[in-house]
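The structures come next, written out as structure tokens.
What follows is subunit A paired twice: with subunit B in the first complex and subunit C in the second.
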Partner chain A sequence: MATAKNVSPGAALLRSSRMFSMPAPISAPSDLSMATKHKSATATTPFPTHLTVTTPQASRLVGDWGFKRPFPLKTTTKSTLPLVRVRKVDSIEHVTDFRSASDHAITLKKFQEMNLDFTVPQKDDQRPPKSVFEEDADVTALTPEERVKKENIRWRFNGPWLAGMTDGEFNEYLSSTVRGKRTEFRAYLKAQLAADMTNEQNQQAQERAEEAPVPVQSSDISETAFTEHLRQLRQDPVMLFQHVSRFLDLAPLAPEEAAFNRLGALRPNKRYTFSDSPYAANGPPITHPSAGLSYLRTKNYLDNHPIYGPQQRHPPVKARIVTPKNSAANYVAKIGVAGFISKIPEGETSFNFKAGGMYNKNSAIPGLNDFQPDVVGGSKVYVEPQKVTISSTGKVVLGFGATDPSAAVVQKEMVGEGVVFEDAVKETNEALSAQRPMLQRPWAARSRSIMGSSKTYGL
Partner chain B sequence: MPPRLSLLDAARQSVSLIRTQACQFSQTASSLAIRRDLRSSTARLMDLDSSSPSSSSSSTSPQQQQQSPRSQPTSAAENVFTIFQRDRNNRRNGGGVAGEQRVGGASSTASELRSKNTAEEYMRQMPRRFNIGDLYAPHDLSPVEAAKHRKITTVQRDLVDLLGLRPQDMYRNFSFISEFITPHGRIKKSYYTGLRPVNQRKLAKAIRRAVGQGLHPSVHKHPEILMRQRNVAGAQTMATGSLGNHYKV
Partner chain C sequence: MIIREFGVRQGRKALAASLRQGPACLRQLSSLSSETSGTPVAVADPVLQSTLKTSPEAKKTPSLFMQTAKPARKRPVAPDTTKQDWEDAQALRKSMRGVGTTVQPVYSPNDVFRNPPGPKDVTLELLMASQAHMGHHTSVWNPANARYIHGIRQGIHIISLEETAAHLRRAARVVEEVAYRGGLILFVGTRPGQTQIVTQSARLADACHLFTKWTPGTITNSDKILPGLPMKIVDQHDNELEGFDQHLMERRALVPDLVVCLNPLENFVMLHECGLANIPTIGVIDTNTEPTWVTYAIPANDDSLRCLAVIGSVLGRAGEAGNKRRLQDAQKGVVAWETPQAISTWTKIHGKRAEWAARAAREAAEEQAAREAALSGEEPLEKEGEGEVETEGRFRRGQNFRERRPPRASDDS
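Our next item is the complex of A and B:
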């Protein structure tokens, strides 16, 4: 709370009021959905931009949400949870502009119930993923030297990720930011050349066992020598991009390696090194790679079941088949886990089932290929959420896999969708009674039903 | 171990092959009668190893006779009629007969096709294309939201700026020009194109130039575009008027 001691009581009151403590909304997601013809302004955005406000039940019943005027009861008392996002505290029409915030607030709750840890994106799925909070992955405060040294680790860059820009955005970036830095860049290149020359001199001196000569300064380099250096750089696009990206602090790129392998064949003495950054392929996230959604560092813990004991796997999650595979212009099924449209597991799994594949019709997931209109509430499937990352547009990219059938059964029993334990107990009892019928006789005699006939009328 | 190909079998094979070939061209009753009893040369080749080579040519099983429509002139029609009648009875009774695989298969295919059509009709009511990372709440799966995604709306971002295009250079690009004119060839207002005034003026000039140079028709879209649009279904049911069923968000 912003109640400072040194301010006047009136100022303290104002500062702690909802009027002033509401943060300004963050900028809207910059994906290209607004550049299409088919969209909805009221669809849930990939991430919230406004603060969610709640109020106690007693206050909600009188419309008191702490704002300038009470909220209408008709719209705010219907929902189970009081969650509202205020778009304008006071508008020119003298109303407080608000709408429900239950979409994002409850999605966050659902996400946190899955106990997932955010991981650094990785190219191959062989090694176990690493948490974004590990010491060597979470680097924020860096000196200029460390910036260069840790460019394959860090996730924050001052410049943009070029592969994620449209042509128009790139042209705009060139004209607004890059073009004015020409002289600055020449000075940077000169300093780099001077440093390289000094290094080379020192090495040669060491080989000859002499004392190190005077370091080369930028001012020592003649204009003709520098022009010659520039000509050489122009012939070497990889080196040139390295200089440019370090100068502008661009996010790393993952070029097509095949093209550069061919280049390498042409210049056998030249070795090209490519960025190893985990964020090169799909771009660095716009937030911290965890986005503050989860602070867990691992999911290597055991879940305990009250009857069956420690479980090998975490409880699977019921996912919704939002769009089946065989719908109009859709070739991959869209599956939503906890409200996020998630990445379908790669390779030959039951989620990307093919007619001629190893999975026949019986093992296919019901509702994955065709919409099933008779399933109440929509088709669902139990999945095992595996890893989460934040994309370069701020979206949550959740990867999941097929769950273990026994884990699904245990979870179904846990939420009351199936009876496994009771059935097992009943079966054991029946088997016992079959083995030792004498033991069970008194109970059987007591519970025997009396059949009625036409003479006794059941008496 | 006896030789895999007995000499007798090999000889019979070649003879029957010649007989089949001879029968190909003849339509008389006698040749058809020969062909009826004769199995094809491939089938005979497959059976070379079987123990009873005589069974294949001389004695045809009653099942085979019923399946081959040539055995009796009216049997083919009769078979079709019985299958159709059984299928109809099954549909009336609301279930397949357990023993009859073929008939049950036919009706299940029909019902599968019918359910597929129903599913497709439902899916047409949910036009939103979700992307990975999109968020949905119950509201996003409602009919209200689905209807919003079905409407054609104004593009909210300036496409010319976004894509880094120069409208003056686009006078030969008829798909670009067709995007920004009405079906009757009038230049769309910036309200509908979503361009900022500078780009709208440049675009209008490019369209006027293209029309003036005779590169683009003035009263309809380019024929190449029209040819493509002909394949799109549902044009007749759309609202008439220069702007169609346009809906502004």
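Our next item is the complex of A and C:
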């Protein structure tokens, strides 16, 4: 309450109240394809924009959610968990505008049950993914020197990602932000040139084993020399873009390799350092690369089973086959893992089963290639979630693979869908009793027929 | 122990069938007694033993069930330690009473009805917790409420908690004084969900309540709308007085002396009628309500039932305190209110009328006596007869006086 020192007691109370601490809604995800595609207006958005509010059970039954008026019981008492997002506390129509927030809140709960760590996006899947909370990837507060030094691992930039801008946005950016910075940019280039010249001087002096000369200042550079430098820069677009992007703090770009090779052929004695930022290909994420969904650093831990002991794999997750494959319409199957629609893994897996495939040792997953109307609740399949990243638009990108069959059996038994251990015990006992029938305990183990109990007086 | 083992060895079946079943099978004992009489039987309970011995005329038919059933209990009968266990548990409880945490009371929405807060309990925290500060959308505000508004948050006006608390305390004071002066208070809340609130307030303050539609004209046209409704006359101790039937028949309908309205927006007609009849009103004024509709405004959220329950119970408690103070003072002989004009006028006229009637009767009696005396010529017995008549007349007069002209009288519904 440090901020509420010089205000009235009521104002201090209000400042510490729950309603005042509700964050303003963040902007909704912009999806340009919405303009051309028919999508449901009530579909779950890729990320939540409003705070989720809950209430104790006793208050929920009288509709008290802490807002201006009681919420209607008909709509708020049907769900298992009380979860609501309030879009307007009061409106002109004298109603509180609220909706259920079960979609995002329960998705978060399901996601956290998978114990996945968010990883830095990778171009190739060769190396094991690295958590975004590792020392070399978790950069938040940076000094100006570090900003340049860590430009390949940073995820937040002041400037835009040029490759993701439309033409109009780019022109707007030029006219509103860039154009007024000409003088500043010249000064920046001059300072850079002075630093380069100082470096060169020092290097030469070092080679000749002399004292380091006086460093070159920006003011020492003549206009003609600077103009000459500018002319050279214009001939070297890669260098120029490096200056421009550092000056405007632009997000890194990943040009095609062919373009670089052409440039290299043009200037054979010039060596370029290319950006290998993980965010160069698709742009930096709009949130922290973990999006605050999980703060785990690794999933390399051992699960223990109460009977079978330590497990090689984490328990697999039951995924929903949202849409089966439709070859005629050229749709791939959609699979929802913990509430996130995910891409089917590539390669020779049971997810890509083709009848008559030569090397296919996997069997087809029921319901994946054909819709099965008789399955209650829709077809499900056990999958193994492998890695998860946040895309540049803030969506959760979840990668999964086919699970180990034995891990699936163990998990099914854990959730009560199968009986493996009990069957095995019964089988063993039956085998034993077949060998030694006299081993049976006589009448203590036998189920006794009770003719009457103390309650019925034997009648 | 030895006997018991002997029994097990010798006649397991008989023994088991008879007594190991416990006292619940007492009914079967009689049928078994003849068979088990020769067998040594272990009986833990002396009552059972006596039952066994004192059943010689039992039926001979053996119970099939008890013969074939397996014993239900394998273990021997343990000594009954229930009493000792209970005493030990009590002792342990006593010694551990001071150990452990104390359970804090938690919020329950029904608390405001189970334990209604009074004017002393009004705090800013209570008002904020009951959402009293949440006004309406900023675009529907009434600028007359600007002095109650603290600011804007989440698109709504925030009502200053200090203003709410101050106005609520003032309104509570008004209710208390009106109750102290024997006034008739009416609590009005006509929105759905406000029934429990207004009935509780009315019960606390010994007042009237309205949770359905206000019939327009109930005050200004009450002669047509409320004729012949029951009324009663009470004294300063709130005891009902007899003998005012004639007055009550010709009396006009009651009007409240104070109206508390929880939703002024829907009850403009009622508030207007109160204004015409010079009846003071107390109203919960939200940021979209016109504050001049009521005499005493309480700036607060009129949509939250939780807020209205707090306000209603505070005002109800205030009325309760006023009534209590009034009755206590009446015990001491202090009465802060006057008999209404209609009743005092009526009692005056009625008393006069009775006096005249008595005088006429006395004169008629005197005339009659004089005539009789003139006829008979006897004088001496006159005084005694006259005295009797006089006594009777005085007695009657006195009774009328006490009943119909009480020291203080008031009306109540």
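Methods note: the second predicted complex is superposed on the first by the 397 of 459 C-alpha atoms of A that agree within 3 Å, B and C clash if a C-alpha of one lies under 4 Å from a C-alpha of the other, contacts with A are read in each partner's own complex, and residues count from 1 in each chain.
In this section, contacts are C-beta pairs under 8 Å (C-beta built on N, C-alpha and C of every residue); 3 or more make two chains touch, one makes a residue touch a chain.
In this text, all values refer to a predicted model and were calculated from it rather than measured experimentally.
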Next item on the list: Considering only the touch criterion stated at the top, classify A:Leu14 as touching first (subunit B), second (subunit C), both, or neither.
Entry: second
Margin query: Which partner chains sit in contact with A:Ser40 here, subunit B, subunit C, both or neither? Use first/second/both/neither.
Written below: first
Margin query: After the superposition on A, what does A:Ser218 contact: first (subunit B), second (subunit C), both or neither?
Written below: neither
Next item on the list: Please work out whether A:Thr49 is in contact with subunit B alone, subunit C alone, both, or neither, and reply first, second, both or neither.
Entry: neither
Notebook entry, point to check: Given the touch rule stated above, what does A:Asp64 touch, subunit B (first), subunit C (second), both, or neither?
Noted result: second
Item checked: Which of subunit B and subunit C A:Thr77 touches, first, second, both or neither -> neither
Check: Does subunit B (first) or subunit C (second) touch A:Gln201, or do both, or does neither?
Finding: neither
Check: In the superposed model, does subunit B or subunit C contact more residues of subunit A?
Finding: B
Check: Overlap of the subunit B and subunit C footprints on subunit A, residue-wise?
Finding: none
Note to self: Quick check on the complex: what are the subunit A residues that touch subunit C?
What the structure shows: 8-11, 13-14, 17, 19-20, 22, 56, 58-59, 61-64, 66-70, 88-92, 94, 448, 450-455, 457-459
Note to self: Taking the touch rule as given, give the residues of subunit C at its contact with subunit A in the complex, in rising order.
What the structure shows: 21-22, 24-25, 27-28, 63, 65-66, 68-70, 72, 107-110, 124-125, 128, 131, 133-137, 139-140, 150, 153-156, 158, 160-162, 165, 193, 301, 303-306
Margin query: Quick check: in the complex, which residue numbers of subunit A touch subunit B?
Written below: 32, 34-47, 102-104, 106-107, 166-172, 322-324, 326-330, 334, 336, 339-343, 370-373, 378, 391, 393, 395-397
Margin query: Help me check something: in the complex, which residues belonging to subunit B touch subunit A?
Written below: 115-116, 118-120, 122-124, 126-137, 139-141, 145, 148-157, 159-165, 249
